[in-house]
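Letters are used for the chains, namely A, B, C and D, taken in the order the chains are written, and counting of residues starts over at 1 for each.
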Amino acid sequence: MTLDLIKDILLATVPLLIIFPTMFALTTWVERKALARIQNRIGPNKVGVPLTPYGGKLSLFGLGQPAADGIKMLFKENIVPTGADRLFHFLAPILSLIPSMLVLCFLPLDFPWLNGEQNSVKAFMLDGAVIFFFAITGLNTLAVFMAGWASRNKYSLLGGMRAIAQMVSYEIPLVLSAVVVVMIVGSLNADNIAKAQEGWNWFVFQPWGLAAFVIFFIGALAETNRSPFDLPEAESEIIAGYFTEYSGFKFALFFLGEYIAMFAISGLAVTLFLGAGAGPGVESLSWLKIFWFLTKVCILIGVMIWLRGTLPRLRVDQLMGFAWKFLLPLSILNIFVAGFAWHIKDANKETATSVVVWIASIIILYAAAKGLDRVNRAKVKPRTYQYGE
Amino acid sequence: MNEVTAFWMLAAISVLGALIAVRKRNLVHGVFALLVFFVGLAGLFLLLLAEFIAVVQILVYAGAVGILILFAIMLTDRVTGRDAFRVTSRGSFWGALISLAVFLVILLPTIQDIPTIENPTPKETIVETSTVKQLGIHLIKPYIITIEILALLLTAALVGAVTAAQGGRASENEENNK
Amino acid sequence: MTLALHHCLILAAVLFCIGLLGAFSRRNAIVVLFSVEIMLNAANLNFIAFWRYGTNPELLHGPLFTLFTIAVAAAEVAVGLALVIAVYRHFRSVDLESLDTLKE
Amino acid sequence: MSVLGSGIFKGMAVTLKNFVGSYFDKERLTTNEYAWQANDKLPERAGDYPKEEAEQLSDTTTVTQYSRNFPMLLHDAGEPMDTVRCVACQICERECPPQCIYIEKSTEKKERSGNKAQFYPATFDIDVSVCMSCQICVEVCPFDAIVMNSQFELSTPSRFGELLLRRDDLLKSNDYYYKIHPEEASARDKRIADEKAAKEAKKKAAEAAKKKAAEAKSKSEAEAKAKEEAEAASKPTEPSDTPPAESTATPSTEPPATPTTEPEKEGSAE
């Protein structure tokens, strides 16, 4: 019995532990390459796989770079500042990795080929998976603060405080936009949400779903400290924020945690809005579900990288204002719109009604967004540029 | 690895967390110990099959309250320097005595007549009857008034907190202006 | 040996008394505040334990009451910390012993 | 009235175009591959470069004439220490924001070829690990002795010591300067020549004015004649004075003051 339990635990967790760190390694390479191309550079292209011990290598566009980086990180000197709180300085990177790894278990990913088609294993079968996801993602903030505080460095502390303020603010629109989906499906269970979107009934094709998806994606960018919301680690302002004082393997753990968090939150976005594993051919081949899921996650990550190469960083007041004055009212309105749209559709199942509801809700949401935008911009004078076009 | 082992481990975690939280001189360490206590308690809730409560415990306590306390510490104590660590105790002896007395008063009845429940409800029944959906239906149907009052309370708390925290600054500004 | 009600009750008693000890013996207002939180959480543990081992668990009294407690506690922490900050602004201290203006 | 968020999409279109274009369009991928071969000797210290300077600098895609990296000391043609322009005035040392320059003045003046005896820097060190390439030393130098180099191959195996550039590493000839920054070098030399010319012209003009003034004084009795002559004296001086005043860029030099003083002199003469 115990052996079975251990086997089940391994079957449920090992694929997650293989897939996502591998994706992390590849993503770092893709990100460096893509950003380089966006900025007219080449990016890493030298490190390859050595063919013989005496020379000759397969460079493969620098695909060996992640491995080289990993080895470098492992053997780098571990520097702890004199004034630092040694225990917390040690714990913070570990604590930042744990929540990100843990939430991967809540994604509706099951690996059917490992245990026979009938009973696939899942690490957690929780009723409230979605809310658990948010609860545990919130713990990431504490690790960031811990790192900032334990470093005994003003810049680190500033980065930590910025991270807390930002994550707490953006968690609200994030949760409120997920609430829409939860409300429509009537369940917090990730599997039920995935089931409700089978075929092409993805929620992102609904007007409220689209609005919620956009809000969710923006919130996700802020929650994972991605550009343009990377204020906690703004290099030009506060060195590297909370991981200024980290080096070597601890820094690698932070890095890993950050990327895994990106995957996790993209996975949640895919689950909530992009139909989870839905896609062509999933009826006949069940493992295609995993393929489609991971493909969608990769596309979202690609968009994140693309945005990082495009947008400049926000100012702190702009960041806070955007969360509280724009995203929050819009996501609350979106809940009402979704409720009404769903109610009217439920009462009247004709196609014409649903088209009218679709158009009406899109107009309402767009008008609201535009209005909020104008209200928020009212006090800001249009900027004139001396040298720009 | 049965339930009792898990219980003792979680109990040890939460008791240790709570003890460190109240006795540690360094405030920030104390807060993190408190968070360990909250998470340990969430584990206990999970063990007692109250899954949703465990989630809410982590979401509200570890997520929100912990961060709020950290913010308060950052705003009130000097972060660097000795002040952050200078938290002295008062009347430790009498405090310990009273706590011990209260503990005995609570404990004695528990030990004397342990409420022996012959056959507690089986796990499966509880899991089936206490889904999030059931909880939601209960909240909306019989407890709707409570929910409304709670919403009002939270709004009042929000407004109150903002005024309390900001009022000081306003008066300070006035003083500065004088 | 299976998990029984008295395990939880004793644990809750211990946690409650730790909270009490903190509230009595510390001078920092914030520490007193989180001692109170520990006491509240010990009470929550009792609610859940009684629900789990009591009669009629399908009525969900325990979890519901715990939910309400958590909500009230959250409100209490928010207001409490706001007051602590206000007091700090006024007296430049969060030491409870030094807040004795009314004595004079 | 624009569509909400259209700016973001516009920006994303630009970056996408650059991303895709970099695979097809040579114009969009301006970076060259780093030409260091695996068997190249690693530099022992800053100043040892894997490529010959000329070879590196002929690679115009890597180093254009507008690139600047760290300062260097200029000397004119000939023996470096004989023709070095620096007089160890230590202005750059004082002005350097990160204080990466360290100068020791020589104890006695030294004769230089083509110039009068001057102090020279006995030590002139620049810590390039501290230098932030701000170019303030270049701005403040009144002798045009320090300019920016575009040498960038500075990696060394040690982070201590080897990044400290000594005086002899820093000394570079004016020809080299012409090679790496042709436009800037010729502009600078033109300015130096103009300044010199202006100085000489001013000297000459002052002498001429003195002479004319003396003449005017002697002929003060003949009123009508003197006036005519004073006008004639002022005419030739003006055109020779004004062009140098416009061409000089450094505010500390005197020429701008000359045109205003000239009429006063005339007035006093009258």
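To be clear about the criterion, a contact is a pair of C-beta atoms (placed from the backbone, for glycine too) under 8 Å apart; a residue touches a chain by one contact, two chains touch by 3 or more.
Source: prediction; values computed, not measured.
Enquirer: Which pairing of chains accounts for the highest number of C-beta contacts?
Expert: B-C
Enquirer: Of all chains present, which has the mean Cα position farthest from that of chain C?
Expert: Computed centres place D farthest from chain C.
Enquirer: Using Cα averages as centroids, what's the distance between chain A and chain B in whole Å?
Expert: Averaging C-alpha atoms per chain gives centres 29 Å apart.
Enquirer: Just give me the whole-number Å value for how far the CA centre of chain C lies from that of chain D.
Expert: Those two chain centres are 72 Å apart.
Enquirer: Counting only Cα atoms for the centres, state how far chain B is from chain C in Å.
Expert: The mean C-alpha positions of chain B and chain C differ by 6 Å.
Enquirer: Just curious, how far off is chain C from chain A if you go by their C-alpha centres, in Å?
Expert: Roughly 34 Å, centre to centre.
Enquirer: Give the residues of chain B touching no fewer than two other chains, as numbers and ranges.
Expert: Residues 52, 56, 64, 71.
Enquirer: What is the shape of the graph in which nodes denote protein chains and edges denote touching chain pairs (line, ring, star, complete, other)?
Expert: line
Enquirer: Pull out all the chain pairs that touch, please.
Expert: By the stated definition, chains touch in these pairs: A-B, A-D, B-C.
Enquirer: In the complex, go through chain A and note every residue touching chain B.
Expert: Against chain B, the touching part of chain A is residues 2, 85, 88, 126-128, 131-132, 134-136, 138-139, 141-142, 145-146, 149, 152, 157, 161, 164, 168, 171, 186-188.
Enquirer: Considering only the defined contacts, which chain C positions touch chain B in the complex?
Expert: 1-11, 13-22, 24-28, 30-31, 33-35, 37-38, 41, 44-45, 48-49, 51-54, 57-60, 62-64, 66-68, 70-79, 81-86, 88-90, 94, 96-97
Enquirer: Tell me, which parts of chain A touch chain D in their complex?
Expert: Touch residues, chain A against chain D: 34, 37-42, 45-46, 306-307, 309-311, 366, 369-370, 373.
Enquirer: Please name which positions on chain B make contact with chain A in the complex.
Expert: Touching chain A from chain B are residues 1, 28-29, 32, 35, 51-52, 55-56, 58-59, 62-64, 66-67, 70-71, 74, 79-80, 131-133.
Enquirer: So in the complex, which bits of chain B are touching chain C?
Expert: 2-4, 7, 11, 14-15, 18-19, 21-23, 27, 30-31, 34, 37-38, 41, 44-45, 47-50, 52-53, 56-57, 60-61, 64-65, 68-69, 71-73, 75-77, 87-92, 94-96, 98-100, 102-103, 106-107, 110-111, 114-115, 117, 120-121, 125-126, 129-130, 134-135, 138-139, 143, 146, 150, 153-154, 156-158, 160-162, 164-165, 167-169, 172
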